[in-house]
């Protein structure tokens, strides 16, 4: 019986003592602990991995009993059953590298989640996805039918009730209502080092600018294009020798690396959103 | 007798043969060779390090004799006496870390140049500079006197006729005429990963944005602020744990690294400007 | 008609002139050029990518005509038809990550080669390999039958006449005669930063030692275990928090990255062996 | 009133609760907390940064009151007054780059310590050290007089009673008794990626081996040469183009980076030694 306890609240004395005493009083072991005090706003953030095998304290009981402390310290908090696999829906277009990386790691046991469905506006990656034993849903995007298209997607996703939506080089802009409905639950990989090169064709933009490093950014999706809270970023060196095609090829490896890192942190309940920024406990 | 021969011209057959045969016919050894064909514009770029000790071919003779080939292939070219130390003027404000790194490496023999003068609008770094045996010129910036201030600077620099001006965290915007006069000869270090966070307080901007990497960019100075051709860039990882003050501290190491890299390439005639981008032969 | 011309010879004046004039005289374009003079032994190394579409100079003709120059400068040289795909045999055991990375990149068009066969002493990866349309040969290793085992492997490989053998986490030590027969044609990925942690269980060794970075090394296979010329290496940071299992997991990404880099350089004729070291033209 | 509380003990329930309740009961704020459970040995490690300004709990009082908890949980522990600057003695030979980096950062306020003395067997760096206002002691190493030499050093160091001895490219092997006397208090920078290339001339060894990355290692000094617990390591890429002299030059930057990192962690009480390995809380 393992739980992740995620807390944010105004900082004051005694928070750690209260929480850790609560855990100890239920014979819990703290397997991993992270905490952080925001220097400016004086906010306190905490993530505990707790083993309650000794007392077999059930989720609901834990939740109920902890409410007193949570209320005393004015906490935003969540308790996560670490043994329940999160449900994930992946969105792709035609570029398969990020999806493939997710699927292979998932199959190898590296990603503890349940990939419910892959949705695409193209049919190219169907065979690959189904080889992994995962359902693939092709919803073509007909001209003029954007609203209907996303209505179908929304309904399908809604029926699955996923914990996480991954846009693995999806290339489509999600409509406002989907962004809102799954706020803080949609991770996108953008192929630039944001905030540089927002929007379409970021490698082209980077090439035209003559930067000496190209990058990728995993971020939560909000209504504002490529402006959501950043979770992970990385870069790779380029020189004048690389063509635009080389940028695209080299970039793939960075995209995969950054996306998988963000997804892992999410599945492990390590990401807290604070305003338009993230706290990522590693 | 070592020369650097730098060439750019439209690509066509026989350029390498013509140039290398010229070198061989004068008993020259090609110590290092770099060439590059721009895929799009079909331009050819080349940098040779040539040892002409065997024939003692003088600079002027080389220059004159090579003109025929240069004209045949429609070359933009320059021949540099690799044994002549380039003359450098450094501009600083109050932040000494980049300057210190330049001076220490210069003293250690790592930077083959002649640092003629350090110019500053503050007096803070005077003692340090003079300890290295380098003249320090304090030109205070009086209110309302910007034009006069830069007139004094321009005159002083003009009298020294330097090959390179380094803005080592200078914090002032050079006037248009200086930018023009020393076009492709002024290297600035900007403390962000350009094109993100142009202008003032880039670490503040990065902190507010919540990026997961902060960076620095060395670029040639043009009239447009922080928009000149990029020479070198690097980044360092940050997380929510780092405060704005930590950004400033961590950033210093990246600034030093990026600036020294750009300066070394420049002193070694490895940088070619092509449009608003650079080719850096390493 | 594209060729790679690879040369090593004692350094002297006129090599570049002779070679580039030869190319020009046959209306060839030098697409890429790399050269390097070994400071100590005074050896000269060169790699040219040449486009001979204009003259349609055939491989045999080129080879024959170039012999005069080669002999004059006492060259070790090879001319490679850049349009012929190299034939590759891959050896694996049970760990599929490096193989998968090779196959996926091969399928995506990133690796220009012809993967003839995957050989394994286990049957685990059969389905995966065959999904890619590549033959999989399972040759079990029976107790006491090592000589016979490798006889079968040797015969099979011999019949395929491959240009490259890749040991993609093969976990077996090749017998002396195979090492000799395919000298400079076998690339192994070793999961440590050599020369540290030679032999079995390098992650265990690294963990016990308490290093702060773990690495991987791609090298040519020679009779001496893990001592062949190193082609590529990379590392990743670890801390006390990572368990041995984490090392294995983290290490996979570095192994893939290093192996693919070495294989790409090999397929592109960029690796020259000089003594027990390599020159890798990038 | 800031303290660092460093604890290691057998893992069991209630440690965090006991310690954090103790802190809370004295109106302390936990500014930073790190803890770690060693998966194998079931040991618990913790580092707290505590602000006791509210209760003005004196060091001795804290120490005395905490003894009960420490004894109950069988702790190895130390309480450090975070406002007391640690006393440091630096040893150098002729290579000044690591020393210079330490001194410049110290002067810039980046290293919170009191550099009492620089000791060297050469006189080369005297002027530089004294420019920073730090005493420099030249103790030449006369032939045959090693024992006496180190007796003088030992006496001098003993009189200063430093918290940390830094061997900043000292090039001498400390005698057994000094290693023992200052166990876990001497940090050395070795210019290789240990355990590769132990002992003399590691860059030569790396060059001969043909590795593709060179590195540096900061470690605690024990009697066994270059075998003490590793604190920090880093590497930099090299290729066939770099000469041995280039290795030395490139290596300097890595040496500085790794040494400064280790020293900072030490001064901040972030390093715990566990057997022959380190735990470094970042």
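Order of writing sets the chain letters: A, B, C and D. Residues in each chain are counted from 1.
The rule is simple: contacts are C-beta pairs under 8 Å (C-beta built on N, C-alpha and C of every residue); 3 or more make two chains touch, one makes a residue touch a chain.
Since the model is a prediction, treat every value here as computed from it, not as a measurement.
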Subunit D and subunit A - chains in contact with each: B, C
Taking each chain's C-alpha mean as its centre, the one farthest from subunit B: A
Centroid distance [mean C-alpha coordinates] between subunit B and subunit A, Å: 41
Distance from subunit D to subunit B - Cα centre to Cα centre, in angstrom: 37
Residues of subunit D touching at least two other chains: none
Subunit C contact footprint on subunit D (complex, rising order): 36, 38-39, 193-197, 209-213, 215, 229-235, 239-241, 243, 274, 276-280, 282
Interfacial residue positions of subunit C with respect to subunit B in the complex: 11, 13-14, 16-18, 20-21, 23-25, 27-33, 35, 37, 54
Interfacial residue positions of subunit D with respect to subunit B in the complex: 96-97, 100, 104, 108, 110, 131, 249, 253, 257
